[in-house]
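Below are two complexes that have chain A in common, paired first with chain B and then with chain C.
What follows is the complex of A and B.
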């Protein structure tokens, strides 16, 4: 305990609340409040309404939600496969080669997403690979951007894995494939679940590269949120944002349930 | 044991994901840099670089990017240190829940913060509404949202959790006996923070701080939602040049500069976090 007097502790906690609540809790509360508000010109919102949600779950918005979910699901599945593959194969290499691979796969984090989007636009706007104007370029961009995070979390998990299990399996004559499938991947499952959640959340909220690439028939939800606020209807934007946050949280919750179920095995 | 197996198949296995990364990321990036030295008129030259470097917009964007990122990082470090300090060493009921909330916060996109700040500090928002209600004035005093300060506030809010997480991990490894010993020898809280906790947290602070610096340099959503003409950063300029003005050569030049700045700082981050053992 750093502060011993009761008064001192109270003062510290008051300072904490004073910093924490307006900075972190208020924005989220305000977004939720705005999504139910008809007007907001004053200290508090007024004219409670569900109209924004009515608009947020039909037509263009519903298509955007589906596009976002499909993009995020595809990108996380691909990124998880590629990231896990990269982490596993790097783990089998020597120290220097491993470091090079870690560096390569972390590059997409260091490079601005807008630039990654522009690079894809430059590379895939002409034959032989013409992806520009299709949804595949959006999915490719999201995959590239989130693979770094999948790779990073699986690499960290591999480092914590007890090698005794796979050594025991191998010494009992299990082939490498069998060891991978029946020993290492099940042991990695909790981390894979966490990595999948991270990738999904990042892809659901990805705006930078998407703004550079999205075709007219594949508008993910963040693009629509920007469109609504840019048109001067921030209340619709807030409702869409709440739908975005809610969907992300639901998927994260579902993934964490799979995770805990697996850990009892 | 792993070393005894032949290296060729292992290298081949590693080659597959690297080839995918090369096709989807490295090759486009190289092409982008190549494009920046190949103007539309044909041949190769640095003519576009000269034009871009000479333009007022670019220089202002470069300056804005660096100072906004530096100021946001400083804010995140101070705020993150104070908040993590309270959670770790002056724990209160619910401190765990707060730490969990911070983790959830990280899974939301950054631009939501700016969207929310419009309702809090915008011209018709809460803060100005409260002010006009209390004082009876025609309009409130808060008009910083469309200035760099609005961007800095949003970035500090969004990125502070990235500083708090490594700090909380580092604080968790600090031996409480050290603090008890210092305390029983008569050191008061500020001195313990300065002489015991801070030196121990420096590697985590450095690693978290440089990560946040890179992320602030690359941030686009917050600046886009701020929507102010006066606040152009490098990523914003890449978007403006490419999508709004269809000036791809200039966009490629700005993008190349942006990558160079970010990669340099990211290299420093890797070096620092490796030295810190993170």
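What follows is the complex of A and C.
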């Protein structure tokens, strides 16, 4: 702890509460409250009910949740692979390559995601690569949007990795691939875990690009949330959002457990 | 044939950090690379390991030109200053790493890991992670890891610098034992500690400012250094500016001293090197009167700093019951055979073999 005195520590907590509560906790609390509400006409919601949840965990909603999870898992895996690969190559090539690569991966994030989605739609609506109307275009869009984050965190971690390890491995007769697999990637594992969590969370909440692209049989949960609020059923939307949040949180917790195990040491 | 540097030059950008380096380490020989910080010792080692590419020259290992080979094809074992043990592997996996990487079967790996750990006295720590070991234990694991691949050459970069004095002398004895048990392995041992070099090495290579200054056995370099730089870097030295006399002596300030002049031309400027422990207190051969300017008690010895004719002399004498006080007038002396005449101007500034 940086702050030693008791009063100082209290002040830090107070500041944290002051910033955290209204900014982060309050909106979430409202969301949770709304998800249980029958009506909300006064200052507080009334007529507590579980009906919204009943609807949120079956049928179309359940399918949407599965679609979201599958999309996020696939997109994070792809983004992590591509981002790590790019980071490793750029690292071997030197500073200039690293900067160029960074910029390239940043571009899709710099434009509004709706535009990125539209661009993908135009690009893949004609043969030879016809992805429009399939779930693959959603996964592809999410991958494109989150790879920048994977790439950045792996690049940062690679920069911190002591070259003495890979040199020691090479001096013992290990080929570059063996060094990568047995030494560098295991040492990067904590950062890879963090990157995976970030990518997963971003993909779970992605809406704007998805709106442009989703086929009728692959409806991620955020689209459903948007649809519900748009139709004027905010309570159903809230319940769906809470389910989305809860699921994401569970996955992130699981990931961070793996991460603590990997960060020995 | 051990290791051979042939005219090796390494530069980072425009600075040359290794300049026309020529050195041969015989098979089974322990060569210490001794030199001040930044003199290029680590760079020389990295050139053997393959982590820097020489701008010019070649490196040979075991009679094979390895200049163009990547590190993993060079058949070396290396221990770096920071040990670089893989933090995510237990000790036995660390030690077995090189063997597994080279495709040695599991059973044989286990056997050789056990041997290497036994050799370094680390057998009981096989199941620990590196972070659970002390500095000295980590170092032994690093050595075991390098030995397990049975390299023909072992490169050690200041392996003992992180240890305290007692642990260091213990590890020095262990390295010497290790070398007796593995008589075929050539070792290139980088250090800036002269005691380590004198204790362990068959020969010492003295480096300064990217260049090789001197090579020789510890005795040669200590008793008969050829340059001022070597004299002052391998052990301590009193360096007196003298003029060579006509009849086998030298003149230092107002004093005529007996010293072996060899074939130095009479009248030439030269430097007389006398080791501090060869300087005695009281009357004797080559007496020099002076004033005590300082005295240090070092347990078994006293070091006297004596100013004579404007020069400060160090004398290490056995512990004195009645040490002189600063300001006292004393006489010091040294035997003619303990002095070595060096050509003048062979300090760190120019090159001299």
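The working rule: the second predicted complex is superposed on the first by the 243 of 265 C-alpha atoms of A that agree within 3 Å, B and C clash if a C-alpha of one lies under 4 Å from a C-alpha of the other, contacts with A are read in each partner's own complex, and residues count from 1 in each chain.
Here is the rule we go by: contacts are C-beta pairs under 8 Å (C-beta built on N, C-alpha and C of every residue); 3 or more make two chains touch, one makes a residue touch a chain.
In this text, all values refer to a predicted model and were calculated from it rather than measured experimentally.
Looking at the shared chain after the overlay, A:178 reaches chain C, while chain B stays out of its contact range. Set against each other, chain B and chain C touch different numbers of residues in chain A, with B touching more.
In the superposed model, A:167 makes contact with both chain B and chain C. In the overlay built on the shared chain, the residue A:187 is in contact with chain C alone; chain B does not reach it. On chain A, the surface patch touched by chain B in one complex and by chain C in the other comprises residues 167.
By the touch criterion given at the top, residues 162, 164-165, 167-176, 178, 182-183, 186-187, 189, 262, 264-265 of chain A touch chain C in their complex.
Within the complex formed with chain B, the chain A residues making contact are 1-4, 8-9, 12-13, 15-16, 19-20, 23-28, 30-31, 33-34, 40-45, 82-83, 85-86, 89-90, 92-94, 97, 101, 103-116, 118-124, 140, 143-144, 147, 167, 197-198, 201-202, 204-208, 211-212, 222, 225-226, 229-230, 234, 237-238, 241, 244-245, 248-249, 252. Listing the residues of chain B that touch chain A in their complex gives 1-3, 5, 7, 10-11, 13-14, 16-18, 20-21, 24-29, 31-32, 35, 79, 82-83, 85-86, 89-90, 92, 98, 101-102, 104-105, 107-113, 115-120, 124-126, 129-130, 132-133, 156-157, 160, 179, 183, 189, 192-193, 214, 217-218, 220-221, 224-225, 227, 234-235, 238-239, 242-243, 248, 251-252, 255, 258-259, 262-263, 266, 270.
On chain C, the positions that touch chain A within their shared complex are 49-51, 70-78, 80, 82, 84, 86-88, 97-98, 101-102, 129, 131, 145-146, 149, 155.
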